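I have a structure here, written as structure tokens, and I will follow up with some questions on it.
As written, the chain order gives the labels A, B, C, D and E, with residue 1 at the start of each chain.
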Amino acid sequence: MMNSMNNLKEQLKAHYKIAAFEEPTKMQLAFNVEPDKTLDVLAYLKSIGYGQLSLLTCIDWIEIEEFQLVYILFNWDNGIHLLVRTSIDRNNPKFRTIEHIYPGVKYYERDVHEFFGVEFEGNEDSYKHLFLELWEADCPLKKDFDPLEFSTNRYGNRKYETNFPRKVGGE
Amino acid sequence: MTFQNFLNAFLFVLAAFAFQTSITGINRKVMARLQKRRGPRWYQQFLDIFKALSKSSISHGWVYDFGVIMALGGIMATVIFIPVADFRAFPNTDNIFIISYVLAVGMLGMAMSASGSGNPWASIGVGRALTNMLAYEVPFMVVVVTMIFGFKTASVGEIAGIQQGLGIFGWNLFRMPLGAIVGFISLQGMLGKKPFDSFIAPAEIASGPMVEYGGKHLGMLFILHDLSTFIEVSLIVNLFLGGGATFLEFGIKYFVVYTLANLVSGISPRFKIDQAVVFYYKFPLLASIVQGFIVIFTGWGVTKWL
Amino acid sequence: MNLLSILAVLIVGGLAAYLLSKANKLLGAITTILTTVLSFVMLFGIKDQIGSTETFLYFNFQLTEIGWYFAFVLSLTYGMSAFYNVCYKDKFMYPNSYAMLYILSLGGSLGLFFAKDFITFFVFWELVVWTSAFIIPLGKSRRASFIYYVVSSIGSMATLFAIMWIYKLTGTMMIKEALMSVDLNFWPSVILFMTFILSGLTKIGIFPFHVWLPLAHGSAPHTFSPILSGGLVKLGAYVAYLSVAVFPSYEIFGEGWMYRGIPLPIYFLMVLGAISIIIGTVMAIKQDDAKKLLAFSSVANGGYILIGILMMDEITFAGGLLHLFAHAVASATAFLTITAVAYRTGTTKISELGGMIHRMPITYTVYLISIISMAGIPPMAGFVSKWLILQGLASKGLIIIAFAAFFGSIGSFMYVFRPLAAVFLGQLAPKHENLKEAPIMMLIPMILMTIITLTVGVVPKLVLNFIVDVQAEAGIKVVSMTGGALDVFNGYLDATRVFVIFGFGFLIALVLFLLMPKTRSVSLMDTYTSAEFIYTPELLHYAHDFYAPFERLYKNHPSTLKLYERASLKLKEIGLFVDYAFMNQRPATSIMWILIIVTIVTIGGAF
Amino acid sequence: MEVNKLKEVKLFLGPQHPGMHGNYSVHMYVDGDIIKKARPMPGMLHRGFEKLMERKLWMSNMAIIPRICVIEPDINEMVYAMGVEALAGVEVPEKATWIRMMILEMARVATHLFALGGIGGPTGLYTSMYWAVAERDLILDLFEKLTGARVYHIFIVPGGVRKDLPEGFKTQLGTYLESLEKKLPEYQELLLKHPIIHTRSKDNILLPAEVVHELGVTGIGMRSATGKAYDLRKVKPYAFYDQVEFEVPTATYSDALTRIHLKFQEIQQSIRILKQIIEKMPDEGPVKAPIGTGNALKLRVPAGMVYTAVESTRGEYGYFIVSNGKEKPYRIAVRGASYPQGLLGIERYLPGHRIDDAPLWMDTMGVCSPEIDR
Amino acid sequence: MAIGDKVELSSWEKLGNFFRGRSVWMMWYCTGCGAIEMPPTMTSRFDMERLGMGPMATPRQADILLVTGYLSVKTLRRVIYSYEQMQDPKYIIAFGACAVNGGIYFDSYSTINKLDDYLPVDMYIAGCMPRPEAIMNAFNDLQEKIRNNEVDGWKRYKKNYDQYKKNQLKAVGEVYVHDEFHE
């Protein structure tokens, strides 16, 4: 198993000049890819057996004004999870869809679009709301969105009285 | 047609309702036992019906109301035609074809009202209900034709009376065993019990025709359902089990038949509607035709018997 | 007043209608109403002249019970449908010809029923065929008319052949005498019987001649479809009656194999009738065009009528004849309502309509009652006739036929309900928001027909009395009635009592309904949608493929029409081959072939 | 287009529909009874978990995470604990790992029983539903005994489990497993061998292997289509799954019936695992390793990101945890196991089925709305 | 009308309450995670049917609306829609802490905090989530209250309809969604 991990590293290094690898836990490999190379890398990884896209998610690094897209791939035959990361501009969040590589990503992209506002060019449905209905506020998973404030403003909080009447409406 | 007749008829309908509703209540308990639980009070069905009647309700136009009234009216009329023991509300009206076709008034009214609600689920349910009817009714009616041929009468009461005269083995259950099996399988469909209840399947079409009913409409629908159950089970009891010389005998047979149907329903999933049609047009139809040929050509079960 | 005067009214009326239409369309349309209704009324004037004979030029007429009964049914449907011509006068391409042909076809039918000799019979037969064949293409399709004409002429030719044969055998052209004195062996008489009845089978649309019916009904002018279904197909029943009852079929075929008291050839025809019932039913269930649906239902009901007439006993025969009346009225009414809907909306496609009850409540009620009768549910006329047929089948123990009868009867709930649910009930399409009830001239016949259906259903004696006369004339046992009730040996039906009890039940239900809390009216869109909101109101009406699961069971069924088309293609191929091989441009080859054939024939003859 | 519109009817399966388990909606465009187009409508249960978790301390998150998946809450705790442990580099004591496995397997049995009972809904076999849910309740009783709660246990915490087993728990579990094993044939008779269930589900609702790969379906759906033991417990053993013997039931032809059968076999395998756990679990030993130093509320997890996944009853269930070294998680993303089939699967592969089959489709594919909505 | 105000009833109403208090049908709507305890309550272990309770498929048929736990805004719209389709008299039972004050989702951007601002709640069940015993107890209490004519949520909703509508609009923006956004 470790062997296949090393093989993979070497191949990635040879093909795409990726040098920095992390191993967050056993049988897991994380690495950064340039945005314009991401699609190639993903297509390559799919071709060598990483057939499952477990998750596509996004991290809002607000301090450095970056969105980091993380594609988590899995190979069922050797049990290795790959975390393929790529960074895009937070102020102009646009990326290309990988629907042609992993068709299953369609709804993950809609998900990321809904919560972070990342636009995936090529995904026709990505602009549609999925979880939120008639949502006008900012994308909720961005770091500068404060849910408590939103909730208090919109839905209010219950005010508790200290002395409950003993019998309800018994006057 | 005297006033006495009408009074009798009215009381009979009331009695039929009370009887069947109690039986339904008891059967809910039986079913609960099958499912390893206690079940509701035996009179819960009454409470449910009267509760529904006491609630407010909505209407989707006049045909929505009219259909329910027509359905309940038709079913009540059919109950009046049913002979029980030696009781007839009106003389000479227990013709099997009259009963089964007046019963259809109820079905039609119900279907009309449900479609009138404009709900697509209801329309799907109605379509399925009518298809279901085509499935179960044909084998059953072939058996009925056999019986009419054999007994030279189409009167349900007379058919039951002839069987009574011959003792327990004179019942059609034994004289026409194939036909009786078909009858019982058809009963399952008539009552809308599983596996033939796809027209009200809650999980698929959200209870189908009943989808828009609430309040008194729903209450009347429950009454209608109980009364039509009474009609159908009574038919089976009269045709295959020799009816009853007394009300008590009739009641016991009735209870057994209904409970049996209910138990079968308890352990069956439901067929899809086309599967139900295919099912009925395989064994039951064949059996009913074979039974018909046996009776018509050999006389076994009618002229030749033990 | 005699039967000639009725015919005269119709013939003259027809010509007058043509001329009047030229002047004013409305006048022509009114003439059709006047003449047809007048003929209906006059029929009652000659009811007491049964048996009288009349001669006009070379035509011999005789008024028989059966002829009168058929004339009564047909002139009723013609008279009622004629009211529609007023509303439709502007929509016809040739209103003047339509008016003339309309009246003439009734005249032809009546002449046919009153015919005493075969010549008259055949002339009027052709008159009906030709007039209707010219009316049908006024609707949508020429092809329908073509197929109708082809199928009709097959029947006509067969009948003509049979007539010639009979004439050769008996030396007389008088229908009754000739048919009764035919003296043949078993097989020749079967062939004679079959050829004679063939035209009847084609008209009534019995399998395998049912192909023209849905095409013609579906594409005939909207006003003529009720006539086709309620009137013209019934001509076939008349021929069937002639061949079974007047022609002593039971006695002649009695020598052969009998099945439960029915001679084999007749049983064979009954099986055909049974097949028609099943085919008509299953095909009607899957139609999306309301008119085609009703047309296939006519095929199915034709099966009942044929079975009833073929039985020649006191119960089923009466049932068949009563069904002829009940179906004619009910089916014509149903067609009339669909026509009224088409008049308002411009379509007869079920899936394009919906919720018409909210705009056309009277039309809806009329349709409801007509389908109750068609499905054979009490307290309508259709129930009594079906009850008789079923009792008759049960008394003979005809299980297979009974199976078809039940299948058709319960299947009819399915197909008649479909327009009810999808055209009249359900969601009103947004584009039909501003419709109005049908015009008064359409409502009059609809309501009258409804009253007739209901009255006959409650007091069947009104029509059964005519049928009893027919049965007496045909020399069979008459259906027994005590008071107003049917009292046959294996069943008892007091339709009035059934109606009263039904009314009583309805009353109880009504009282119960009124006693309970009041209802609140809500709009149709305020409906259960699994708690989701309706975005697209036009997608909420469930009409298309109503019985989809059931239809799928016979999706790949063989079609008779396709079979015929394939056969005709093959025939064409053979023709082309013949053309190619024998009739080509080189005379020498043709002469050679002819010589060879002649030689072969001569040599063959020599041996 | 206009003509086509006339033929279609729009029906809503859910959220308030007896055929829909959970608050989820599918908009179906139906012609006759065939679904021509289907659109999933998630989000009715959306609570914004990913946002809420960023706002809570590492340890106080334990209170809310089980609520992400209502039917099988324990996997959430397990995944979260695994992630935190991986980032913080904590070794879990042996006994705690065994207890974790025990909880997971008990939850698996309970969930599968629930799902098997749930088959009774769409097929109409209510008796099986009544029986199976009551049976599941007995497991919940055991849970209650062990953790104090019926549904949300919050028993697996980073570093181990909350408490040691109560006295006599192993015996009770053993007795229960015995009784369950005795009852299983009953369910088999009632549900799996029922001819009508066969007519309804055999050769129906197919899930070919290509579709599995296209959508990314995992769990029973994947195993029933590919015929390979694609189970995280085998492929990538967590806890001590490499120390117990069990088989992963597979099949090569995936129709509804096969998937029901696999569910049933997984119950049997879980019972087998549970028995081994009872046997192998040490009696003594710590059940919780110290994590961080001092006050647990002030726990700071080292910066980094990790993806952890376990095998739930519906497939791979994972958390992607990002820490920036502060008291609160920086980002947690949840991979719901039924995400692929519940969204894209419905859009692409529910069309073509009949209305009758739609609820069964949802059930046998294992669509669980709370984990999709989060 | 305050909670618990007793109004003199006609004898028909009293009779109605007699039946309504003994036969209560609930709507089959799993609005939140509390619904996971409904199947045990319904099925053989706790057997709700013996109290005369049962699930019903559609709002028209049902008497009680169970709000099982938190309500997201999206669900709230549908719950209001369903509630308005129900027939009088109708009752609402709210499950769990989330329905009372938002519970652990007090800071969630998509779940509401106070259910009774939007719908008239007749009974709350405390707990997260309420155990089947608690649910059964609540049903029992509700039935008793119905029999004693002490629940009047539906009347309050009618009386204060404008107030409720205002609150609803504030929280959800648009109660009936007329925009097919996902297409």
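We take it that a contact is a pair of C-beta atoms (placed from the backbone, for glycine too) under 8 Å apart; a residue touches a chain by one contact, two chains touch by 3 or more.
None of the values given here were measured: they were computed from a predicted structure.
Most remote chain with respect to chain C, judged by CA-atom centres, is A. Geometrically, the chain at the heart of the complex, using CA-atom means, is B. More contacting C-beta pairs link the chains of B-D than the other of the two pairs B-D and C-E. For the pair chain D and chain E, the distance between mean C-alpha positions equals 29 Å. Here the CA centre of chain C is 63 Å from the CA centre of chain D. Distance between chain centres (mean CA atoms), chain A to chain B: 59 Å. Per-chain CA centroids place chain A at a distance of 37 Å from chain E. Residues of chain E in contact with at least two other chains: 28-29, 43-45, 57-60, 74, 77-78, 82, 107-111, 177, 179, 182-183.
Counting only residues that touch two or more partner chains, chain D has 9, 11, 15-18, 27, 33, 41, 43, 46, 48, 51-52, 55, 130-131, 134, 354, 356, 373. Residues of chain B in contact with two or more other chains: 35-37, 54-58, 120-121, 124, 202, 206-207, 211-212, 215, 272-273.
Those chain pairs judged to touch are A-D, A-E, B-C, B-D, B-E, C-D, C-E, D-E. On the side of chain A, the complex with chain D involves touching residues 22, 24-25, 27-28, 30, 51-55, 57, 59-60, 70, 72, 74, 76-77, 79, 81, 83, 102-104, 106-108, 115, 130-133, 140-141, 145, 147-148. Against chain B, the residues of chain D that register as touching in their complex are 9, 11, 17-19, 33, 120-127, 130-131, 134, 190, 194, 196-197, 199-200, 354-356, 358-359. Taken together, the chain B residues at the contact with chain C in this complex read 1, 6, 9-10, 13, 53-63, 65, 68-81, 90, 92-93, 95, 97-98, 101-102, 104-105, 107-108, 111-112, 115-121, 123-124, 126-128, 130-131, 133-134, 137-138, 141-142, 144-146, 148-149, 152-155, 206, 211-212, 215-217, 219-220, 223, 272-274, 277-278, 285, 289, 292-293, 295-296. Against chain B, the residues of chain E that register as touching in their complex are 12, 15-16, 19-20, 22-23, 25, 28, 43-45, 47, 49-52, 56-61, 63, 86-89. Chain B meets chain E in the complex at residues 28, 32, 35-41, 44, 47-48, 50-51, 54-58, 202, 206-207, 210-215, 218.
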